[in-house]
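Each of the next two complexes has chain A plus one other chain: chain B in the first, chain C in the second.
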Partner chain A sequence: MDKMKLKLLYSDLKSDLDIIEKELAAAVNSSSHLLNEASLHLLLAGGKRIRPVFVLLSARFGTYSMETIKNVAVPVELIHMASLVHDDVIDDADTRRGRKTVKAQVNNRVAMHTGDFLFARAIEYITGLKNTYAHQVLSHTMVELCIGEIIQIEDKHELDQTVRDYLRRIKRKTAILISASCELGAIASGADAKTVKHLKRFGYYIGMSFQIIDDILDIVSTDEQLGKPSGSDLLQGNITLPVLYVKDYPTIAPLLKEMLEGNISEEHKNKLLIEIRNSDGIKKAKQISNLYLQKALNEVKQLPPNSAKKSLQNIALFMSKRKF
Partner chain B sequence: MNETFITQQVEQYKKNISMQSHNKTLLRYTGLPVVKEERLFFTLLPLLNGEDWNESMYVSSIAVSLIFSSLAAHDLVKEDNATSKEQQLQVLAGDYYSGRYYQVLANAGEIELIQQLSTGVATISELKTRFYDDEEYTFDELIQSIQIIESKPIEQFFEYYGFHEYVFLMKEALLLAALKKEYNKFELNEPAFYINKSIIFQTNMTDFKVELDNMEQAFIHDVSSSKLLIAPIKMAILERMKIHSLQK
Partner chain C sequence: MDKMKLKLLYSDLKSDLDIIEKELAAAVNSSSHLLNEASLHLLLAGGKRIRPVFVLLSARFGTYSMETIKNVAVPVELIHMASLVHDDVIDDADTRRGRKTVKAQVNNRVAMHTGDFLFARAIEYITGLKNTYAHQVLSHTMVELCIGEIIQIEDKHELDQTVRDYLRRIKRKTAILISASCELGAIASGADAKTVKHLKRFGYYIGMSFQIIDDILDIVSTDEQLGKPSGSDLLQGNITLPVLYVKDYPTIAPLLKEMLEGNISEEHKNKLLIEIRNSDGIKKAKQISNLYLQKALNEVKQLPPNSAKKSLQNIALFMSKRKF
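Then we have the complex of A and B:
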């Protein structure tokens, strides 16, 4: 994603995001130098901070106080970071965003402890918010995130799955944390129940659109743009939406079978990616992403008048139209 | 209060932990959550010793065991290769149990306890990395780290519900049990994590054994002379700790 453009969209949140960044650095500070190194490495790798941004924007629909809102904005990012560290162990990934992963830097076990440390810090941090319902939302989200990952592993290398299976999976894997970020931001600021509901739905729809685009980019982007090898999700055996649409095409099916059996050559792998890129699978997946984007924008329309509406709209459009 | 009552309570507790952590895929590939028998016993110690034990305490005690199950699942992830389906799900099992402990306590509205336990988990994660970094820790520092790793959430749970008097014995028992297991594994050339990861332990195995013997004597004395524990519980503790007796 073009970080410069995104930063421009965030510009009126800059001072608050700077506070979040400092709080994140303080939250991951550890007495263990290994954990410190690993966590700081993750922080410095940046990331889009899309979840804290949604927390901040959603909180604008209630009584906006950074002292309260940061209790939600920091943990949602920590949870996202922790799950990435553990995902890298699962995916045996050596690089992420062009940097070495914790598991590649030290080993899997230290990556597990780093993720556990970050999850614990996230939970510790959100207890600054004395709202039982908010804790129920976040804990439910954490459990669902995990179930999504478990299903993803079950579905790996499985061609006999439907678009519905895929959508259910990405709902848990990605959309639910973005949805919870919006919902929790609104809850923390005391927004009314109807607004909370629209923001929660907005987060869900934009999360779905975002993940579909991510899955498209995995296939159409270059290694440099992704910061990891192109097509790596597919090579891991993850059957994503663009692939689901074209899996039975005669030019694709045999190559896909080779890949899922784990004996595909570099030449055939490149051929498979080219075939999928040139097929209508990408276009069809984009259409579904756009449908979710429209649903997200409809939710924004129903929100009460507020300057944050325009920002939510712009970020949603940017996320769903991004090129990498 | 007799051995049958104790066994029933522990078995029921184990069933409830399994229920709260149930996921059919995890069960199929990673099995039931790993829970150490002695830890279950010592988590329930105040209940078994006849203290008032309400629903909130019971729910919280399950959350404590879910934390240990989560950490134990992650300790089973191999250092260098976790690419098999079972290993990948081991990673997720730990995350799932961790999410469930938070959810169980969130549904019970126990925000204060969530705060304390999460601080404890962060500390345990920090201390576990001590066995991987290149800092030079003293023998005592490492022993103290092991004690915290083995018992911190139970200590926090006891303190939260006012069972302060049980903390010392529980910590002593769980440290002793862990070190005995380590020593026995080391003697049998089986993987003994703490010892294998620490040069200071490996080069001071005589001290390690002396420390263990002293600890055991002190523990037997503390249990036998305890004014807090009722007779059947004293017996049950000493019986259980015998299970972990040292290889001669």
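Then we have the complex of A and C:
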């Protein structure tokens, strides 16, 4: 995603995001040199801080106080970071966003415990907010994330799965943490129950839309745009939405089988990607993403009047319409 | 440790421990087949449930209600289980207590996410108790555990370390979770602040004593008694207390160097173990363990009169005097 464009979209959040950035740096600090090195590396690798952005915007619908809101904005990003590190350990991925991963930089053991540490810090951090319900939302989100990781492993290389399986998977993988970010921002600022509900749903829908686009881009973008090989989901055996729609097409099915069995030639791999790119699977997946986007925008509409509404709309549109 | 003997020691807790056991089984249940398999395997592998026992006994000093207490008894065991799974991933250990580890049974990826899941469930479970301070105690414990894991990696193969480094390490590795178990049991039952403090300290001291004994037994026990090769800590590069005391002895230093450099012969390895076994390092380590035991017993003495006092004393003595 174009980080610069996104930053312009939420430029009025800049000073608050700087506070979050400092809090994140403080939160990952510990008495272990190795741990600090690994965590700092992760922090510097950056990322869009989309989850804290959703927390901050959602908090505008209640009493906006950074002292309170940071208690939820920091942990959602820490959990996101933790899941990235653990994904790296798992997938043997060597680069993420063009940088070397923690794993490559130090080693697998440290990466795993760094992820654990970030999870634990997230939970410790949110206890700064004296609100058991918020703790429940965050811990439940973590549970679902973890179950999602395992189900993703179960579903790998599995062609006998439905669109519903896919949607349930990306809900856990992506949507639930974005949904929790919106919900927690609203809860922390004391927004009313109806507003909390709309923001929670908004986060869920936009998370779904976002992940579908992400999965489309993995197929249609160039290696350079992605910072990793195009089609790498498929290479790892993850069947995403555009593929699910076309998996039985006669030009695709045999190549797909070869791919999932792990003995595909470079030539056939490229042919498979081109076939999927030119199929209607991409269009169909975009339609579903768009449907979720509309649902997200519909939730925003029902929110009380507030300057943050426009920002939520803009970010939603940006996330769902991005080209890479 | 002799599980049967220990069970006799806390036979009056049997029915409450059965409740905890059922709650543990329910807590690890999820919609993922793979995850259930891995978790159930872990549950069946058993363990002494020492941490829940400390929770239950500590809760006797307040208003004892299982409905409340289970909210802390279950998570401390889940965290212990999670750290065991992650240790397995890390250490490439293939057996634990004579059973195949989750890792060997399924694979590394699943084991890592199973550990994450158990951590998350622990945190989710404790939110059943509407007490932010208890949440803080548990999350802080998790943070320290994770830092401890990394520091253990940092200190591996490192002969230039002090007894203080060792003690700080086992505090994080073992003592802090036992201490938290006692503290949380007392907090959950609404015991008074002074009682909470004594129980927290008791747990810390007994945890330290227990881990030192564990480290001694790793050297002096037979492979059969341990269910793993004698001296495996040392083989993995972990320098424990008995070794720290004698690492510079002329009969030990050169062999130890060989061992840590990873190119020791079977003959030299056995010679090294025998040298350490026959040295005063064992005696000195036992003295330190004993010191912690005395401190633990001293805390028990200061607790208000209660039938659980005797049980705490008995378990403390048992844990610190065990022969394997």
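Assume the second predicted complex is superposed on the first by the 324 of 324 C-alpha atoms of A that agree within 3 Å, B and C clash if a C-alpha of one lies under 4 Å from a C-alpha of the other, contacts with A are read in each partner's own complex, and residues count from 1 in each chain.
Note that in this section a residue touches a chain if its C-beta (ideal position, glycine included) is under 8 Å from a C-beta of that chain, and two chains touch if they have at least 3 such contacts.
Everything numeric in this text was worked out from a predicted model, so none of it was measured.
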Message: Using the superposition on chain A, tell me whether chain B and chain C clash or fit.
response: clash
- prompt: So, A:V143: does it touch chain B (first), chain C (second), both, or neither?
  reply: both
Task: Mind working out whether A:V110 is in touch with chain B, chain C, both or neither, as first, second, both or neither?
output: both
- request: Name the contact category of A:T63: first (chain B only), second (chain C only), both, or neither.
  value: neither
Query: Which residues would you name on chain A as touching chain B in one complex and chain C in the other?
result: 30-35, 86, 89-90, 109-110, 112-117, 119-121, 123-124, 127, 130, 132, 135-136, 139-140, 142-143, 145-147, 149-151, 153-154
Query: Quick one: in the complex, what on chain A touches chain B?
result: 30-35, 83, 86, 89-90, 92, 106-110, 112-117, 119-121, 123-124, 127, 130, 132, 135-136, 138-140, 142-143, 145-147, 149-151, 153-154
- prompt: Can you list the chain C residues touching chain A in their complex?
  reply: 30-35, 86, 89-90, 109-110, 112-117, 119-121, 123-124, 127, 130-132, 135-136, 139-140, 142-143, 145-147, 149-151, 153-154
- line: Within their complex, chain B touches chain A through residues 23, 25-26, 70-71, 74-75, 77-83, 85, 88-89, 91-92, 94-96, 98-100, 102-103, 105-107, 109, 111-112, 114-115, 118-119, 121-122, 124-130, 132-133, 135
